[in-house]
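We just call them A, B, C and D in the order they show up, numbering each chain from 1.
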Amino acid sequence: MSSIENNVQELIARRAASELKGPSVVNLGIGIPTLVAKYVEDELIHFHTENGLLGVTDVEEEDPNLVNAGKLPVGERVGASFFSSAESFGMIRGGHVDVAILGALQVDETGRIANWAIPGKNIIGVGGAMDLLVGAKKVIVTTSHLTRDGKSKLMKICTFPLTSTRSVDMIITELAVFSVVNEQLILTELMPGATLEQVRESTEANFLEGGFE
Amino acid sequence: MAIVYEKVENALSEIKSGMTIMVGGFGLVGAPLTLIEGLSGKDVDGLTIISNNLGEAGEGLGVLLRQRKIRKAIGSYFTSNREVGEAFQRGEIDLQLLPQGTLAEAMRAGGAGIGGFYTKTGVGTELAQGKGIREINGEPYVFEQALKADVAIIRAHKADTLGNLIYYKTARNFNPVMATAADLVIAEVDEIVAAGELSAEEVVTPHLFVDRLIVAKKILTKEGVIHRKQCTRADCEACCQ
Amino acid sequence: MSSIENNVQELIARRAASELKGPSVVNLGIGIPTLVAKYVEDELIHFHTENGLLGVTDVEEEDPNLVNAGKLPVGERVGASFFSSAESFGMIRGGHVDVAILGALQVDETGRIANWAIPGKNIIGVGGAMDLLVGAKKVIVTTSHLTRDGKSKLMKICTFPLTSTRSVDMIITELAVFSVVNEQLILTELMPGATLEQVRESTEANFLEGGFE
Amino acid sequence: MAIVYEKVENALSEIKSGMTIMVGGFGLVGAPLTLIEGLSGKDVDGLTIISNNLGEAGEGLGVLLRQRKIRKAIGSYFTSNREVGEAFQRGEIDLQLLPQGTLAEAMRAGGAGIGGFYTKTGVGTELAQGKGIREINGEPYVFEQALKADVAIIRAHKADTLGNLIYYKTARNFNPVMATAADLVIAEVDEIVAAGELSAEEVVTPHLFVDRLIVAKKILTKEGVIHRKQCTRADCEACCQ
């Protein structure tokens, strides 16, 4: 990964972190979402990982049997608990996780996302994405604004299969922050260095422009 | 109640071609690596494997895939082993993909005598196609059928001699639920202790679910999968001096 | 309870105990079934109680928070485990309990039982009876042969509501033991002191007479 | 994450007339007796109570029954309190009777985001009437809908300051499953310990399920229900000398 990509990811992750307020339980997806944890200081924010741990923290001593959903080594904080996958997804579907931060391949203009399959490629993995989308009280998407070949990821209609019919609550890219209200994207914030022009040019989806300034 | 086996091949004696087998683990974490290795040495094929993943390329269940022992796999994230997609492309394997929570819940249902259930997960997506939708309290839910297996091979941390099991950190994952959902349950553990050494409050899998036990010989470490050193009497004596 | 009734119950319980073989997991209902435990010596027989304990044994020191399904104080044996009601009934419905020994108000001639409700009285309790009947691999019914007013409890058709459409596997009374095969009662054994005449007179249900002697 | 309350009435502040409340316990065993007593002192009525029993005559939930605070009860064995049948007969209370396993499973479903499920229990009986039957793998199952509540009041043994819970022997019963199935979960415990004092492997109810904690003041003993002696500073000092 280039250092520019790297910086973009850290920028997005830091912005997502500032959305979190304790007390809350937060599940972080693979990729940019995983980076969010290091920008969170509030001890009332507890990280949940769907492979069976509430109380994820930085790895101290690597243990091959203590990993997150991306199979990366993690640590357990004081007051953590372990449970089975069935119990873990019971927490997710049952509405006991306050916030899920997820990556996306595409977002449509009603705020629905596609993040698990690409047509023409074998559809062989879905993981916990669909469960998190229906179950988390609030869903924040973190993603680069454009694909590698410069196309907008915020599209009128997703061309990849949807992960859920539920619209997410917020989208954070390196250019902008959108809220989703009544299935409509609202631009609420420009990211550092980004201009409104740039967001308009880079976004295929229709969106309202909130009174941000 | 469980019986302790010394030899992996004896613990696996009931496994036959064409059977449905649940295999614990989230990738290699919490996978019963010794039992999987035992299965790779057995002359069986046409297996249906229910497991979150099919290991990694050439590791864990990935070995059985290469051996063409697997006819069908039911899981949630086969992406972790690129050879699964290739085998699928070549028509060598059938895949049934379920959301991870649905996979876990379907096994829990199977183990708990529930025939099927309604979940919000997947409604309106490709994975719900053909499954049937029911409105409950004004919200759409998709019907999912319970999963059961002939055999489950699982990984736990400690067993007592009755077969009560406890797990270790995130190596717990699918193992406890698989322990409930198969006719024959074989558990591989780090250590077997006397009955009474596990507190009655901390047992995660009560012994009525567990049929056979073996001590793990192949384990996951920071340096990858290794064979545990087999202690000889000489080792022990050297160690105790 | 009169000492005759008492003796009858103990006689039935002792006969039921002799049906149990380890290794097995056995759930005992309220009433006569509870008495069965004291006639079991085999340590490979583990008693399950649906309120959340595998490994029920005689009470040593009474603990108000350690009880069986009849809310009577019990003990926990070495290697016991506690679990929630949801997990406990998962074990029962899921087929993980080998034998259930239950009481009955009525048994019909196909071996189905009624043991939870009496018409004309308020129907306000069922407990775990229906779950045990559908879930246990083998069901043994222990009951007095006659009601208090001398009517046969083994009837052509139950007049009380059925507990399940599943036929039980065996019926043990103070007069006889019946097996149920293909939904037909088969008399397989006379209890000590009982005669075939007595059983015929006391049984309304049709039954086959097995080659017991 | 839980907040520790000193006063029962404050812990119960959100409870309003007409609410649906889950109450832990198998009879009085594992019932939150302090919270029930608190509820009996509160001016609310028209409650729907989901609990295996309604206590005993004049004990536990039996007190709320006598106070006519309960409009409807959902449970499996009201027989343990003869006054329930009498109140039902007088038309003072609605009863919904479920097989005990169905009751437990319906709450587990509610807590786990499952809308409903199919069980074999009750098929062909009066308790399945009007519920809908579905054949799965050739066997009939009855549909049961999930149960949820506004509030759950439960009994646990120890909590840590975050709200993680462990239970004591057969006082566990319905408590862990109720902890998952209500919007507001209030737990009464014998002791509150520092976070970290409960092992991460032995926690039965992780803290994300628990909102409020109080220390039990009314407890079940061999001699019946008693008020726990309230320690004063003088008691403590006397004790420590």
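Everything that follows uses one rule, which is that a contact is a pair of C-beta atoms (placed from the backbone, for glycine too) under 8 Å apart; a residue touches a chain by one contact, two chains touch by 3 or more.
Predicted model only: the values in this text are computed from it and were never measured.
S.K.: Taking contact as defined at the start, I'd like the list of chains shared as neighbours by chain A and chain D.
M.R.: Neighbours common to chain A and chain D are B.
S.K.: Measuring between mean CA coordinates, which chain is farthest from chain A?
M.R.: C
S.K.: With chain centres defined as C-alpha means, what is the inter-centre distance between chain B and chain D in Å?
M.R.: Those two chain centres are 34 Å apart.
S.K.: In whole angstrom, what separates the CA-based centres of chain A and chain C?
M.R.: Result: the chain centres lie 55 Å from each other.
S.K.: Taking each chain's centre as its mean C-alpha position, how far apart are chain C and chain D in Å?
M.R.: Comparing mean C-alpha positions, chain D is 29 Å from chain C.
S.K.: For chain C, what residues touch not just one other chain but two or more?
M.R.: As it turns out, chain C has residues touching two or more other chains at 76, 82-83, 89-90, 92-93, 134-135.
S.K.: Residues touching two or more other chains, restricted to chain B: which are they?
M.R.: Residues 105, 108, 112-114, 119-121, 167-169, 200-201.
S.K.: For this structure, enumerate the chain pairs that meet the touch criterion.
M.R.: Chain-chain contacts present: A-B, A-D, B-C, B-D, C-D.
S.K.: Okay, in this complex, where on chain B does chain C touch?
M.R.: Chain B residues touching chain C: 1, 108, 110-114, 160-162, 164, 180-181, 195-196, 200-201, 203, 206-209.
S.K.: Quick check: in the complex, which residue numbers of chain C touch chain B?
M.R.: Touching chain B from chain C are residues 23, 25, 44, 46, 48, 54-55, 76, 78-83, 89-97, 134-135.
S.K.: State the interface residues of chain C toward chain D in the complex, per the touch definition above.
M.R.: Those residues of chain C that touch chain D are 49-53, 62-67, 71, 76, 82-86, 88-90, 92-93, 117, 121-131, 134-135, 161-165.
S.K.: Give the list of chain B residues in touch with chain A in this complex.
M.R.: Against chain A, the touching part of chain B is residues 26-27, 29-30, 52, 76-80, 84-85, 88-89, 95, 97-105, 107-108, 119-127, 167-177, 204, 220-222.
S.K.: Under the stated contact criterion, what part of chain D meets chain B in this complex?
M.R.: 105, 109, 112-121, 134, 136-137, 139, 141, 145-146, 166-169, 199-202
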